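Two complexes come next, and they have one chain in common, chain A, joined by chain B in the first and chain C in the second.
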Partner chain A sequence: MAIDEKDVLHVARLARLDIAPDRIEPMVRYFQDIIGHFRTLEKCDTDGIDPFEESGSHLCPLRDDEPKAWDSVLEALEEAPLREGRFFKVPAIGGGGDPDALS
Partner chain B sequence: MLFHEMEASSIASGIREGEFTAKDVVVDCLARMRALEPVLNALITPLSENALAKAVGIDAAVSSGKDPGSLCGVPVVIKDNMCARGVRTTCGSRILGDWKPPYDATVVDLLEKAGAVVIGKSNMDEFAMGSSTEHSAFGPTSNPRDTDRVPGGSSGGSAASVAAGYAPIALGSDTGGSIRQPAAFCGIHGLKPTYGLVSRWGLVAFASSLDQIGPFARSVSDIALVMDTIARYDPRDSTCRPGDRPGYRESIKAPTVRGKRVGIVREFQGGSLDPDLGRSIENTASMLASSGAEIVDVSLPESAAYGLPCYYIIAPAEASSNLARFDGVRYGLREDAADLITQFIRTRSKGFGEEVQRRILTGTFALSSGYYDAYYLLALKVRRRICVEFADAFEAADVILMPATPSLPFRKGELIDDPISMYMSDVFTLPVNLAGLPGMTVSTGMNDSGLPLSVQLVAPRWEDSRLLEFAAVIEAWAGRPGVASGGVL
Partner chain C sequence: MMPLSFETVIGLEVHVQLATESKLFCSCPTAYIGSEPNTNVCPACLGLPGSLPSLNRRALELGVKAALALNCSINCMTKFHRKNYFYPDLPKAFQVSQYDVPLAVSGSMPIFLEGKVKNINITRLHLEEDAGKLIHETADGRLSGAAFSLVDYNRAGVPLAEIVSEPELSSPEEAREYVLMIRRLVRYLEVSDGDMESGSLRVDANISQKCSDGRWGSRVEIKNVNSLRAMERALEYETIRQRGLLLKGEEIVQETRHWDDNSGVTRSSRGKEEAHDYRYFPEPDLPQIAVERTLVENVRESLPEPPWKKREKFAREWRLSPADSASLSENLDVAVFLENVAASGADRQMAANWVKTDILRVLNETGLAVGDLQVGPEGLASLLAHVEKGSLSNTAAKDVLDIMLKKGIAVDDAMKEAGVKAGGVSRESLLGVVAKVLGENAAETALLFSGEDTSGKKRKFLQGLIMREIRGQAAPEDVSAMIDRVLDEMKG
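Our next item is the complex of A and B:
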């Protein structure tokens, strides 16, 4: 498949990234190269393979469902760039100006 | 006394028996670090004051008759993607800013409870994505065996720290070779344990089905000592296997390979493999044969043909999901904007480096509508084939002997603009992660140019102690790696 600038910009939007104009063309070339490598997998015979089959002895164990206190909420909040009381503070999803103006 | 050349086990017993103090050891290792760090840049955050305070505490405990543990006073370096309470944890990225986690990773907690002294958080490729430690927001690390060359990656700072004598042991994480490849490049030993053997709780996730924490050291017995400390069941990591672990030091008390079968992988010999590394495999196999092992051929054609593309779909797919949390809301960098989505985009575009952005984009593509079945699901199926292929190989062999890397350490800047060639550095290590197996790089000395030689050993799941037994036999023959000069001393 041919990947072009439009595809790369679409993926960037999904990934919440902005590609600088001078990086778009190198990124398109990278995608074309790496997808060429990916396509070698099409030669592998995968008929009848269950991709989610667990290989024997290592099943993810479930721990006991016991309530536990998490006592470092305020400590974790201290690392937030912007907070108010016990909450992280962010601008409105659809816009709404300066986050400090929101309350 | 040159404490920075000593093994961890000798340091711990010397302190415990009053021959010298933890402070003596830490002062010597910190002096070594201060002398070499301007050249090597192996640490993002040195912790000199904390380390001295901890050492004084250990000495006080020993004086009052207490035993601080099996790593009593041993300096240790931790890769900067493992959380240490109150200590800046960056993952080699700008996006975490000066984030200080409010908790310790399980492995950090276990090391400190055993008396270890953390002397620094090490440099790394950003979010563990890279094979040279050149993709760090804190500048590249140099290889202490030849400072014009890279130390490998992504745990290059941890490997360089151990090779240069900052500490006898360090922790790294290995998603596709990030312990074994830098161990090979820096001329030391490095173990990626079986997936699920060591807790990942407090390790900042890159690709959760592949990541595993493990040790670097300049001796096999120190690798075993660290494993006896960190290989524990942890209910906080749902992929950590319950139950007891074997005694790893016990497994190397009287190591023997007599009667064991060693598989040589046909597809991994010759080709683009560096001739010196090919000879290292041949010489090691000859030595093992003369020590009573049987050398057999095994074949891993699908791992050889499909390992790399399979990994470079699955790992970036998981990374694109794991790294979605870095958005400027809860921690680290934040680029303000009038709406939330623009804030996400600005923060992530400024905070993530180029290689991380490439992998997030690749992973997002592989998981996106219309491509999920064609790439991600296909890669999961190929991964199953690789698991089965290794299981079949282990019907014929107890251990597989293969290269850790296709090349000797390359020069700084040599592959930085050619990401796909850089990915090839991990061609021999990443199939081992895909299959969840334990793999270990064992140093086998130096070539005529003074560059490090190595082999990689791979065993079935949970047979990590078998790797250590083989590694001990190889070390007895090849010699323990020494401390590197770091281009200065």
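Our next item is the complex of A and C:
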């Protein structure tokens, strides 16, 4: 799959990243390198192996439904770049709510 | 040319918050309503580096419970995926959800509308985590155009079951009945409180139009419907909008639209097609989940009869009216209470009447649950036994029930307290009272005597006076018969 500028800008938009114009071209090359690496991986014979085979055969352990409070919440809040009272504070995206949250 | 006709096609995604004590992937308490912001959070639900998810067994059980009640097949091996999108209500920048192997698939559920039953197929039920809450603010407190948003992650990670229907609903009314049945079901199962107002039940609606000329308009997803009324209005609006476009020969844009409840319109959300690029991939921090057969069987054994079965039973076997069958099957505890009244020997119809009028009234007035009442099903049945035998009139029985409900005493004690005796007044004393009342109300009696009381109003008036005199301790038909007897005697 050939990667071009359009793909890079598309991914940047999804990730809500601004990319300086002079960074676009190198990004295209990084993308191509990464995808090239996967082309190498594709040479492995994976016939008969589930696409999402996991290493080992362990299953997901289940936890009992017992609520426990975490005692370091304030520290986490203090680490936030911006906050207001007990709220984390973030720059508003588009000045409104996410139209696509939790579809 | 034949005028064009349309068929509305609706599919619903219902998100149900599961009634667990702790979150889906961490032990933080789920109580987010009324809690101080960011109190019920931890490294896992804040998405801090190095934290790992740990699946809540209860959430899995509740998901299985809802799925079994919806007649779904459970996938014995299931797994979680990451659904990637960047928004501050999602601290990890992805939502842990399910993708190609959901917890359950292929179910169905009946809905009732205008005397008909329609079966709606359920595509899938999967588990996922809820997002946090954003508050958009400006310096002067206005919401729009805010420079910053405040984030509260108390809700982030609360378990949700998403129930997806096939596109088989054909009107806003059917959609409403479907959501009501889901709500009834999750309440029966105690899987969720199903409260739309507080957001523990949320709906996204997909709607399209099939045109008689063979065109099929693209599907539009409607979000932000926060009440049943909003959902119905949004679907009605969208039906008209889409049909209008098709009539003009225009295309429907496949998109997500937001319901604006104040203006009563749906609006396009920009950039949706890109945001749909969620780049799902398997959650590497959670191995596959084995849904063990013993877990499934234990849950299956705990299932109550679903609301639609109760309703059909009341209608078909008990021969109750459709309205009574519906209202008496609305709440599981009330339905079971009624069944137990009948199981304790009361006539089904009579038990239904008493539960519907007297028990439901008390529940509405007091806000109590049926289990909190001072009168159990056996108590009500023993009272109804008196009514059935004719030894207590309806009026007297209602007084007795009031005392039983207030004082929590048995029917015999309550009757003593109410000053009524089983068997009511003797025929002799009833005769005396009737003769006395008729004598005291000569004008009305004369009209009865001459047959001029064609509307029966005077008879009702006199009967009421007699009933009051005997404190309701005789059946109305006995009183009526006694009036006829006294009138006959007058005629000689």
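The rule we apply is simple: the second predicted complex is superposed on the first by the 75 of 103 C-alpha atoms of A that agree within 3 Å, B and C clash if a C-alpha of one lies under 4 Å from a C-alpha of the other, contacts with A are read in each partner's own complex, and residues count from 1 in each chain.
Note that contacts are C-beta pairs under 8 Å (C-beta built on N, C-alpha and C of every residue); 3 or more make two chains touch, one makes a residue touch a chain.
Computed from a predicted structure; not experimentally measured.
Student: Considering only the touch criterion stated at the top, classify A:67 as touching first (chain B), second (chain C), both, or neither.
Tutor: So A:67 only meets chain C here.
Student: After superposition on the shared chain, which partner residues are touched by A:44: those of chain B (first), chain C (second), both, or neither?
Tutor: In the superposition, A:44 contacts chain B only.
Student: Is A:85 touching the first partner chain B, the second partner chain C, both, or neither of them?
Tutor: Second partner only.
Student: According to the stated criteria, A:76 is in contact with first (chain B), second (chain C), both, or neither; which is it?
Tutor: A:76 contacts both chain B and chain C.
Student: Which partner reaches more residues of chain A, chain B or chain C?
Tutor: Result: the larger residue contact count on chain A belongs to B.
Student: Is A:16 contacted by the first partner chain B, the second partner chain C, both or neither?
Tutor: both
Student: What residues on chain A does chain C touch that chain B touches too?
Tutor: On chain A, the residues that contact chain B in one structure and chain C in the other are 14-16, 52, 58, 60-64, 76, 82, 88, 90-93, 95-99.
Student: State the interface residues of chain A toward chain C in the complex, per the touch definition above.
Tutor: Touching chain C: residues 10, 13-16, 52, 54, 58-70, 73, 76-77, 82, 84-93, 95-103 of chain A.
Student: Under the touch definition given earlier, write down the residues of chain C that touch chain A in their complex.
Tutor: 13, 15, 20-22, 27-30, 36-43, 46, 48, 54-60, 79, 84-90, 95, 130-131, 134-136, 144-153, 204, 221, 223, 256, 258, 269-272, 274-277, 279, 282, 286-290
Student: Inside the complex, what are the residues of chain B that reach chain A?
Tutor: Against chain A, chain B makes touches at 99-100, 102-103, 195-196, 235, 238-239, 241-242, 302, 305-306, 308-310, 312-313, 320, 324, 327-334, 336-341, 343-346, 348-349, 352, 354, 357-358, 360-362, 364-366, 368, 375, 377-385, 387-388, 391, 419-420, 436, 461-462.
Student: Which of the residues in chain A end up touching chain B in this complex?
Tutor: Where chain A meets chain B, its residues are 7-8, 11-12, 14-19, 23, 27, 30-31, 33-34, 37-38, 40-46, 49-53, 55, 57-58, 60-64, 72, 75-76, 78-82, 88, 90-99.
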